[in-house]
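Input: structures, listed below.
Okay, so chain A shows up in both of these, paired with chain B first and chain C after.
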Partner chain A sequence: MIPSSGPHIRSGTRFVGRSVPRREDRGPLTGGSRYIADVKLAGMLEVVFVRSTEAHARIVSVDTSEARAVDGVEAVFTATDLAEVESFPDHIDSIGPVRQRPLATDRVRYVGSPYAAVVATDRYVAEDAAALVAAGTEYEPLPTVADIQQALAPGAPKLYDDWDDNRSVDIAYPRPEADRAFAEADHTFTATYVSQRQTGLPIETRGVVSDIDGGTLTVWTSTQSPHMVRTTIALMLGVPEPQVRVIHPVIGGGFGVKTHIYPEDIVVPWITRRLGRPARWIEDRMESLLASVHARDQRHDVEVAYDGDGTIRAVRCTSTLDLGSGEIFYPGTAPVFATNSCITGAYDLSKVQTRAVAVVTNKTPSGAYRGFGIPESTLVIERVIDRVARLTGTDRAELRRRLLLRPGQTPYVMHAGGRIDSGSHAESFEQALELAAPALKRVRARHAHDPDVRVGVGYANYVEPTSPSYFRTTGHWGGGDAATVRVDPDGSVRVAVGLSAFGQGAETTAAQLAADALGVSPSEVTVVLGDTERAPYGLGSWGSRGAMMLTGSVMLASERLTAKARAIAAHMLEAAESDIVLADGAFHVAGSSQPSISWAQVATAAWIRKVDLPDGMEEGLETSGYYHPEHLEHQPDDTGRFNSAASWSNGAHIGIVSVRLSTGEVSIEDYIVVHDCGTVINPALVEGQIHGGVAQGIAGAMYEHLQYDSDTAYPRFASFMDYLVPTCAEVPRLSVDHRESPAPDQPLGVKGCGEGGTIGPPAVVLGAVSDALSEWGVELTECPVTPVAVRAALRAAGAARGRAEGNP
Partner chain B sequence: MTILEPVSEVDVEVTVNGRSHRHRVAARLLLSDYIRDTVGLTGTHLGCEHGYCGACTVIVDGDAVRSCLMLTVQADGAEIRTVEDLAPEGASSLSPMQQSFHDNHALQCGFCTAGILMTLESVDPTDWSEPERIIELLSGNLCRCTGYQNIVAAVAQAWNSEGDV
Partner chain C sequence: MKPAPFDYCRPATVVEAVEALGSAESGRVLAGGQSLIPAMNFRLTDVSLLVDIGHVTDLPGVDTEVAGVTVGATATQSRVLNDDDAARVVPGLRAALRHVGHLQIRNRGTVCGSIAHADPAAELPALAVAAGAVIGITGPDGHRTVAASDFFLGPFWTALSDAEVVTEVHFPAAPVGSVTSVDEISRRAGDFAVAGLVAVIEVGDGAVRSARLVGFGVGGAPARLASAEAAMAGWAPDHPDRRLMEAAVEDTADAFDDIHATAWYRREAVATLLVRAARRALANGETS
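Coming up: the complex of A and B.
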């Protein structure tokens, strides 16, 4: 049972800091929520996309005649039909232009690329017809590029003929001090670390439903960013933006996958306009694995200069991201910049020289996934520290203590310009170590007498950049967000925000914030979001920005609203405005026993009793606020450096694993999280984010891997049988503790917490398993840590023989 | 020109949440699509249609069934229960298990929740109330949001406070 209140309550607030029960629960619990697949309209047609079965090919011809002849098929469209539609924009000069078409024209660059759309009265019929289109497609195969190494090989086949090579971006962050440190250091080593290809994989796949009524095109889509979808649809279809309305229904998880704007977001509304009928497309699971963005898939080539006492003098790191085909909007390049800028994580390491590269390959486009480059960077720095500790005989925890940012060091500017505003980096680690000590003792005792089992401990300290700017990747969309607050004549509060919601509890959170700002109860607050017609322009929810943006924008709008309400109340109470106080949902004259004026009375005056308003005051009781965080920057300086995150949460993870030598099986026996996301608005929701985040991190550390055939770039996955999402049997029980280092520049000190949990586990598991196998010198460098990988590492270390006797 | 085989149709009669339904349906119609599109109960969700994720779990004649792996025609004559049948007075109230999920923050996006609730509903709690057994029982239902910890806690709390139910 989650406590309804905790240590997070602070004076001046009544609901912020409490685990206010979620208002989002009843629908899913009773079957009443409307997700995208539940949006049904009279006369609605079903759309099925036909997708490339080739990894790289010219499309010679597409014969749609047989499909058109199927009873129930209304239309089959190919790229030719969409010639008038604009391409997805390539806004940023420094990213290789892909000129992505909504349907592939004469060339496909990954298995799953959509090149035709079948429209029928029935989904089953549409799928029958889609199979006929697929059978009627003639390809001319082209040579493929299946991974980073192939993409960068001299003479590699190019995906884009007008590019010099397959590099989409390649930006260096030179630092001469690092070169000098390398010359002076006692020792150096090189290493390569790999974060495998994964995908965010919400259990609800994507979907789009569209309708047209008069001039207005209404599009329901499972997006995390409805306003951005609207802007893009208007741009690409050439429709005035006010004539496009985008709504996200209840969303069954996003995790970054649904931040992108996909071809289907354009093609389905285009079909509705073309045919004048409602249309719907619901992604199936196999399609989702091929057509929704992948993520991670980075390789890091690292050089480290260190001294015999464990001092790390300097680090050089080239991070290379496998973008897949690159055909996704916004571009998938951004995570490698996040990795690059956070490569030193929570540690004070200034002599760092990096390079960020993204290459295109014949795979599904990669893009956003919870953690967004930071699980990768954290993996790198934690492996580096462990290696230095081993090479110098230094205690691993002690070496981290020496390096962690300490109180008083913030704001701390990292090598690529990231400005860590505050945090509890050293303290969180100490707290986690204290929690871990008895657990480690227990686990060691549990396995002390089993010669086939070894126990290890792994560490991750990380920073979590929150509320980032999109501008550098999209060429649009900075980093602020809006709220509109209104009090209706009956006194009810309506808060409309530009954010979206897909399970985090944003509605509950917004109601808590508005309740405190207006002195009412959350139950009196109606929250509106996810609808471009009803909510102000905002960027949606991603990048752990929801809590921070909600706080800033709702408080700003509420302050403006309260100021006007106070003036009305003063007039009605015939008192000076400065004497009016707002308490318990009503306006009082300070120190007077005079009856108070309720929000309903103020709102009634404002909307429908002009006679009660002060002379000259405008009617209405609705205000907006657009919050933009201080210190958030959108463009690099002339050295390529800038602070692209508004605030920086942090945390420490410690995992204790047991490894069975004979099978390579790894069990996480205990997992400790100390998390600091600044001021906590709703402790239960924050804890939920951490639980889910860590589970996804463990998924990446041990299970999930989207594998491609290296000769053909053909995917080796088609269902959950090939992509191992952890069940409750795989996710360990977590011990979670919180710290609160408020964001210094944010109204309530809120930072954001959506991604932190996901960041630590890959580094923790690699470190812990390597520790468990340290007697053989095993140093794992790659996720996922599967039993096969563990056995291979043991064999490589010469530990395989005699295993059956429990004596490697 | 390829000629597709005509789709054969069959008559089915099923009881869903206590109400009987008779329909002529395509023989290939999945039970999940029948429940969602023909009967119109959309609380049952489709996460994979491969029988793996468990989101579409309903109860057919007392057994938990992945409705995406069953044809409607196979359910002819059966009694089916879905998530819409769990709250004692419809959507205005909650069952003890639903309430415990709410109290323990055991759902986030809620897409998998119906399948989990129906899996739980299909068993006798006396056999399953220990945490290890709950984990075993729910290991066929994927949840991407919660990390499962609060789900297991919610189930344990609901079943332990129900006493000898």
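Coming up: the complex of A and C.
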């Protein structure tokens, strides 16, 4: 992919800033990658989970006898067999405890909840037997809760009998100054905005393979956090952590779905220990839609105080997240806190009062998905600004200009403590407006003669918190990450990191960073990750933390290693250490024609030819770097505020849509992104992140929707016939431009860019379609924007039926 | 997503296929398998014997004559889509097949398979009814033909009995001077239609002479829109749209709600497609 802006080569770096080709591409493109389903072990058994077909029920009995009798079935396990396995931890007091068992015991709370596992010699047999277990299950149905409104209704059926109600969390951030602003403002309005239930939907579903050799349990799992999986398996199965090895093979996408630790991650290794046999479970697509976390199911009740000139004086917002059953580790509450703390986005709005609520319902547990609450908050603030603009007759772009953060305003502390370290909030928007102007003209001209078509433009300005701490929301993890750098006797470099890789280019990036730091070429750098035996402990890849953590830890370790190598080289060259220069992969004496010493010579001295080492020098050439970003906070202060992100990227999205009045069909005709993630390590990778992100954002804006029956909480989706993933036919060509506002507190100014693309589209599409229909006063408030939604809005607005009645 | 156990056979003749179907508890014909195999993998369809007709030798291919096009049971959708002669005689075939699935699906899927499957949102059954196609069926009692209008009985329900095979479908040539259009609204490119319309419209003197109209995605079985056909006869561009639209809404009382669209949206959409088809037919008729 060729970046649309120029190369970002900076002085002092040879590889950082350049679109170094991805080393990860060959495998997937040639079919050579070994994904989880390609891990095959001799004598391996197949596991199929039997999942609840009831949304809320007591399990009266499970008769497994028929299933056990099927030829080829080795075992059928239910919750009773796993009695000695610990529950998933409930780490944090402020979140309602769910005491999640690896298999549901006497009660199921969503369709898809696993309550039995069939182990057989092949998958066909296992599925035949699973059908018999399902048929042998007797339920006593309980009343269901299908959405936020039902969950909060007085006297609603409770999912957890010992809770007061269905609220898992309910935390308010009162701000008296907001109340005062409401009293003083000219006008107020209230509105409700809705973001629908989706899922991250990696192309590769989840899967777990386990093996046991002596005392050591080896678990391959398609996860974004292998070390966290290891710790959790050790804890729940009561195995010493060094006897558990977790490996993630090549991963076909994660998108946050694979940051969670699932029942299957525990039960499959447990089966291997119990039977002494390798076992595997591969999630099929149908169960993936039920068994992997959902996300984005949020409702926002907003009050806005504003003046006649468009001044927004204060905003109150209650964000409520539909958690599903809540039976997921780590808990799925975190995104609503992110929504809450970022509700003002890239705008200077300090008088903000928020409340974050998460409720449990009889649906699949919700959790992480790329964007992590920020598409939702951005949707809210952009709709609010458009509404104020309309009510006060202010130009929508002009009103945004007035509100956007300006260069002198950073670091800017948001209402909940988020500390925006730097950015190009106003400038990115201006740049996007400039790019959009000719595009808008083109699109208008294209449709000028069709009375059935209207054109509209939508805006989104956002901040993207990166490298967050999840301590507050998981009660368990957050912080920095590690890298170990080693130079072997042949001079090759080995970089091992605690991050994982699932398509984002972490290996390429790590090699670029190490190559610059050690003065070698990226091709001389081997990157090791995703294996708890080979890589240092790490929290994994999520929250757009990869680039920042890699930069910090690889550079720190490389600097230490280089210092040691320099001392060895100085000794070998009989020169002063201060005269040694590292250039072109070798150590030279400055200003001398003396032959240089290569990394291989230094490493040979350090590992083998120790006679060359200076006296007292510790042997070996391997160091580790533990990077913890400055200003990253884990716990709130006594006012409830804290900065839970290490840095803040930003961006501006502008979309131009055409809307066909007679059918409600929407087409995105042009889409502009100006993106600022600080220092860019690899422009092609950043551009790829944006393209993929925008595609997923459009999915949320217009297509994907996991719907449930409101009477029964039964899912109304089973396959891709029901869950509409946009294809290349639906995703428009993008115009992308980069800006670089380096992170002031990071060694290279890197911020992170994994999620920005997904953030803008819902706000953009809602704004653009509403703009296109502004002559009827249409203001859309809910995603997805479907043809039915558009027609319904036009009908509600009393619009004429469009061209068909001769009245466009 | 693995199917329940089933038996499989690969007959060489139609008669063998019929015998195999007759011998099975629940036999199903496998042609392209683009709907049947997923349904089996989802365990939504109970199949004891799969009769693969892919190697049957005594089936017609795609025969185009002045009177019409006969499509044999194993002819893929791509094969028919790319057949210029067929498209000339029955323009609706190409117009409909363009909307069917994606390239990979059309390379496997068959025209007769789609008709035998009778998905209410599919294009080909609607085309068959609009074009007055005749379905050729072979069973234990030999060969018989059924008019498309009598073939489709409801969603995924046809006049086929258990041991019968659709061996060919004959699409009569489109009337001279007629314009066939297949238009639909779908959520994404290649999806089954939320609402669609096949229109075979004969024009003359700047007005519609007669029309055969069939909606799809809006009701149980593809059927002609009687009121709309009546309203369209004699209709000209300066006539109000409202009459056509009201008639279409009246004809689509079977429309249903699902996760992709509401019943009212479907009825409204067919009405819109109807006006579009009429205007296009008249515009094309004038230029030809």
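As a working rule, the second predicted complex is superposed on the first by the 796 of 808 C-alpha atoms of A that agree within 3 Å, B and C clash if a C-alpha of one lies under 4 Å from a C-alpha of the other, contacts with A are read in each partner's own complex, and residues count from 1 in each chain.
The definition used in the following text is that a residue touches a chain if its C-beta (ideal position, glycine included) is under 8 Å from a C-beta of that chain, and two chains touch if they have at least 3 such contacts.
Predicted, not measured: the structure shown is a model, and the values here were computed from it.
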Practice problem: Mind checking the superposed model to see whether chain B and chain C fit together on chain A or clash? | Solution: fit
Quiz item: After the fit on chain A, how big is the angle at chain A between chain B and chain C, using C-alpha centres and going to the nearest 10 degrees?
Solution: 40
Practice problem: Could you tell me if A:25 is touching chain B, chain C, both of them or neither one (first, second, both, neither)? | Solution: first
Exercise. Quick one: classify A:235 as touching chain B (first), chain C (second), both or neither.
Key: neither
Exercise. Could you let me know whether more residues of chain A are touched by chain B or by chain C?
Key: B
Practice problem: For A:663, select first, second, both or neither according to whether it touches chain B, chain C, the two together, or no partner. | Solution: second
Quiz item: If you stack the two complexes on chain A, which partner ends up touching A:152: first (chain B), second (chain C), both, or neither?
Solution: neither
Self-check item: Partner chain(s) touched by A:285 [first = chain B, second = chain C, both, neither]
Solution: both
Practice problem: Examine A:719 and indicate which partner it touches, taking first as chain B and second as chain C; both and neither are also allowed. | Solution: both
Quiz item: Who does A:85 touch here: chain B (first), chain C (second), both, or neither?
Solution: neither
Self-check item: Which of chain B and chain C A:397 touches, first, second, both or neither
Solution: neither
Quiz prompt | chain B versus chain C as contact partner of A:124, first or second or both or neither | solution = both
Exercise. Aligned on chain A, what is the least Cα gap between chain B and chain C? Give it in whole Å.
Key: 5
Exercise. Starting from the residues of chain A touching chain B, keep only those that also touch chain C in the other complex, and list them.
Key: 123-124, 128, 284-286, 719, 721, 727, 729
Quiz item: Across the complex, what residues on chain C touch chain A?
Solution: 1-5, 38, 42-43, 185, 187-192, 194, 240-242, 245, 259-262, 265, 268-269, 271-272, 275
Quiz prompt | chain B-facing residues of chain A, complex | solution = 1-2, 19, 21-22, 24-35, 37-38, 40, 65-66, 69-70, 123-124, 128, 132, 135, 201-205, 250-253, 255, 284-286, 502-505, 684-685, 687-688, 691-696, 719-721, 725, 727-729, 731, 733-734, 757
Practice problem: In the complex, go through chain B and note every residue touching chain A. | Solution: 1-2, 4, 7, 26, 28-29, 33, 36-37, 41-50, 52-53, 55, 82-84, 86-87, 90-91, 94, 98, 101-105, 107-114, 117, 135-136, 138-153, 157
Self-check item: Contacting residues of chain A [partner chain C, same complex]
Solution: 123-124, 127-128, 131, 284-286, 662-665, 703, 705, 707, 716-719, 721-722, 724, 726-727, 729-730, 786-788, 791-792, 801-802, 804-806
